[in-house]
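Each in structure tokens, the structures are laid out below.
One chain, subunit A, links the two complexes that follow: it is found with subunit B in the first and with subunit C in the second.
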Partner chain A sequence: MGMDRRTFLKLGGALALGSLITPGSQLLLASQENKTGNESKTRWAMVVDLDKCSGCNKECEEICRDENNVPHYGNERYDAYWLRVADVKQHLPGVETRERHIPLMCQHCDNPPCVHVCPTKASFVRDDGITLIDEHRCIGCRYCVIACPYRARSLIFRKSDKWTNEEVPKMMIGVVTKCSFCAHRVDKGQDPACVEKCPYNGLIFGNMNDPNSEVAKIIATKNTKILRPEKHLGPKVFYKGL
Partner chain B sequence: MKMRAIIAFLAFLIVLTLPFLVSAGSGNILQSVQAPEIELPDPELGECVEDVSYMRANHMVLLKEERERAVRHGERGDYSLSNCFSCHTNITTFCKRCHDYAGVKPGCFEIEEGCHYAPTSND
Partner chain C sequence: MARKYYFARIEGKTPKYYWTVGILGALVLGWLVASYIRFVEGMYLTGMSHSVPWAGCKVLFVLFVGLSAGSFILSALAAIFKQKEYKVLSRVGGYVAILFMLGALAILLTDEGRPDRVLLLFVPGNINPRSMLSLNAFIYTSYITCGILYLWAQLREKEKVATALGIVATVLAVGVHSGTGFLFSIANGREAFFTPITPIAFVVAALSSGTGIAMIILYTTFKLTKRTIDMKFFIQLRRILTGLIFFVIYLMTIEHLTHLYVPEHQEAEFYIFGGGFFTWAFWGGLIGIGGLIPIILLLNPATRDKMKWILTASALHVFGVLCERMIIVLPGQFLPQPIMPGYEIGSAFRDGVITNYLPSVAEWTQIVGVIALVALLYILGLRMLPLLPVEGKYIKE
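The block that comes next holds the complex of A and B.
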């Protein structure tokens, strides 16, 4: 036994200090490292052309609900939203007031806070950049609902009977849901339902890592904006004409 | 004294094994635990994704692994529930007969009115 009492205590102290620091440093590392999808071939992104969106009857909201069985009870307190169209008016002196309609959905962040806070790893980012929720795993703690700065997530509070699309599972009470970029359609090579069915073709979907794709070309023109850029989350929904 | 203890023990043993003795007396035990009859799909639809004995024992493992692949990696393959239902078109006469017999509830479509669509005899 070569170690004297003093060395032993010193080592113990160092160990305790190390274990105190590690969780914090891991968090820092995770926020750096978790930029998934940048290197992989596919990175799905969406461009919303606000000049084309007329706000119609907010048809995309209905299309989305029917495609993904999102319940709609007609009560703001319980309604779940995957996609909602915000009506925005800007009053400026001397400028004609114009109403804009901005479709808002999960922005599929490169560095999503919802995934970082999820205690069960139910929220995750797929290799192609789509942020998803494993509903078999989600315990409904709602950490992610609070973490998401875009208010993209909602908890299913009430039992839902809506089952308009049998290909997609019915929504289960007590789990959090959000826009999935229609992952079940994307995996089959189709566009998300809202993109396909928007009557004004205001939504464009594609692989932003492929320079020949339409979204990559539009993003390259730098005419697009992302929402809340100060958060540095790398959202993959781009707004044209904002 | 010793005799009384032995008799008491024997009586206890008989009471303990009474259910087994009664069912043994009422005929062939094996006959009363016949496996349930299930309605198999049309053989013209082709082979199952794995052979029958493997599927009988491991279908739940395959489904679970497929679920993990589909949800986490977007690889939707042959072992999915919806692919099962393309041949097994009625869960009441196929899945449920065995599951009721084994006392196992398939979580996919039964527990708390599960989330996945399953074809039933009502369809």
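The block that comes next holds the complex of A and C.
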């Protein structure tokens, strides 16, 4: 066969490269398919009724802190938040500007950038669509804090002894933390703490794949909005009356 | 006719040497202590916040990753492209490249919230192919391993092995820089980060700043150890550096013009160019001190052949690249993320606020300590390994 050494080397090199690329791309595809939720029976979602939210004393922030042992050091620079109530104003010509209040928490995306960038798979999406952090696997690199478009993630900057709810572990220092939709309560069939204890019943929680659930009905009215739709992340917190 | 260089260790018995080792050692100790306290007490000791989670240490990290490549490529020129006259630099260049990468990893490691868990990155079940950081852990370690093997081959005078390893490590070096650039450019959440040009700009700025720092280190080392070195290298390197500086400025122009034309990204650009620290860092630091002045110095016939001015230009350009790294890492985080575009937003979590960041004492100690670590390992290496040529000139056999 008239194959000189150069051709042989070229072919061999191409084969070697190809064999390297194929498993790599399959890994990528596999990780793409991993984005769960759509086929699973349960997909937890939350509807925030902004018409009911009065901003009160931002009680849900406190409720959330006590439920999940989220530390509060009294320093704005490094206070951790799982849920925060932001004050928003929209300036429109001819319309009187009115301050509104909007609870912001982890949006539990279908396509979460924080999970994509996590180098140790400490952030992951559960089969029911809840994004969680394995705090024992987190190395505190904070890449997910960079990647999250909703600023839902906080780092535990300082040692915390807060342990108001013994069902949930104390916060570990140096790792990233965020809203878990109160997974420990959801697994027992309860609603998240903020939903249950909101004095105005402004938050509704349920399975959006179940057409009879309240959230699915509200979402079906198409009166809800998601935040940052341009990012194509598929968040599961829906805002009504925005 | 074979040309052969002879390499030797330095004596390293002068009081000056011991003093240098002592001072650098103290600074390295400072880094270890600061890192330990930061790890135990928590990161509130740094100047970082939830809005700016990557800060000073990351700037040094990306700068060092860059410097590593430039030195490596210089070293590999002799091995790969058979540029015999660069053989003088092959050992010391390779060694400096390894040290800069080690320094980069040292600062990266001690900047983590949980450095004790870093081995989790290498547990097979944890590897996340979608995460650039997860892949980078492997690219960085293979680059260092390859670099060490390359240095070993150089020390043992195994020409063919050195050539092969040099090629592999050069490819890995490009991977290391593109990977580091990708860390930022694929961050979905921050508008100012997203640009496909960052990985390329990283490679180019790495080469230019690396060439600059390598020239400074080599010249200083040769001078202090009373060796002579042929001006020819520096003339050639000067030409490479000039081209690379032009390329860096070109890429920066493209990146910022692209952002300026797109309304979605304009806010970030107006923040960078609207006055304030980053405007100074860009126009003064990157374009002025790091770009135009070095180019004038390197092209002007009156200055371009004088060692003093070549080195000045190199140092200024390294400073310019430091400013560039700052502009990549910081302003994208300072700017509030538009969670609700069109609304004015405010909360106790600093939503909608332009944040600020100043490195704390702990971070300065870490940054200075890691720079000292690289310098310390360098002068210790000169004494322990035969890295420097006996004379700058080759000996004909």
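In this section, the second predicted complex is superposed on the first by the 213 of 242 C-alpha atoms of A that agree within 3 Å, B and C clash if a C-alpha of one lies under 4 Å from a C-alpha of the other, contacts with A are read in each partner's own complex, and residues count from 1 in each chain.
Simple rule for what comes next: a contact is a pair of C-beta atoms (placed from the backbone, for glycine too) under 8 Å apart; a residue touches a chain by one contact, two chains touch by 3 or more.
These numbers come from a predicted model, not from an experiment.
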Scan A:148 for contacts with subunit B and subunit C and give back first, second, both or neither. second
Does subunit A have more residues touched by subunit B or by subunit C? C
According to the stated criteria, A:50 is in contact with first (subunit B), second (subunit C), both, or neither; which is it? neither
Which of subunit B and subunit C A:128 touches, first, second, both or neither: first
Per the contact definition in the header, classify A:113: touching subunit B only (first), subunit C only (second), both, or neither. second
Between subunit B (first) and subunit C (second), which does A:167 come into contact with in this model arrangement: first, second, both, or neither? first
Considering only touches as defined above, state whether A:187 meets subunit B (first), subunit C (second), both or neither. first
Provide the residue numbers of subunit C that touch subunit A in the complex, in ascending order. 39, 41-44, 48-51, 53-54, 112-115, 117-118, 120-121, 123, 125-134, 137, 183, 186-190, 193, 333, 337-340, 342-352
List the residues on subunit A that touch subunit B in their complex, please. 124, 126-128, 130, 132, 134-136, 163, 166-167, 169-172, 183-184, 186-188
What residues of subunit B sit close enough to touch subunit A in their complex? 67, 70-76, 82, 112, 114-117
Give every residue of subunit A touching subunit C within the complex, in rising order. 24, 27-28, 31, 58, 61, 73, 75-81, 84-91, 102, 104, 113, 116-122, 137-143, 145-151, 153-159, 173-176, 227-228, 231, 233
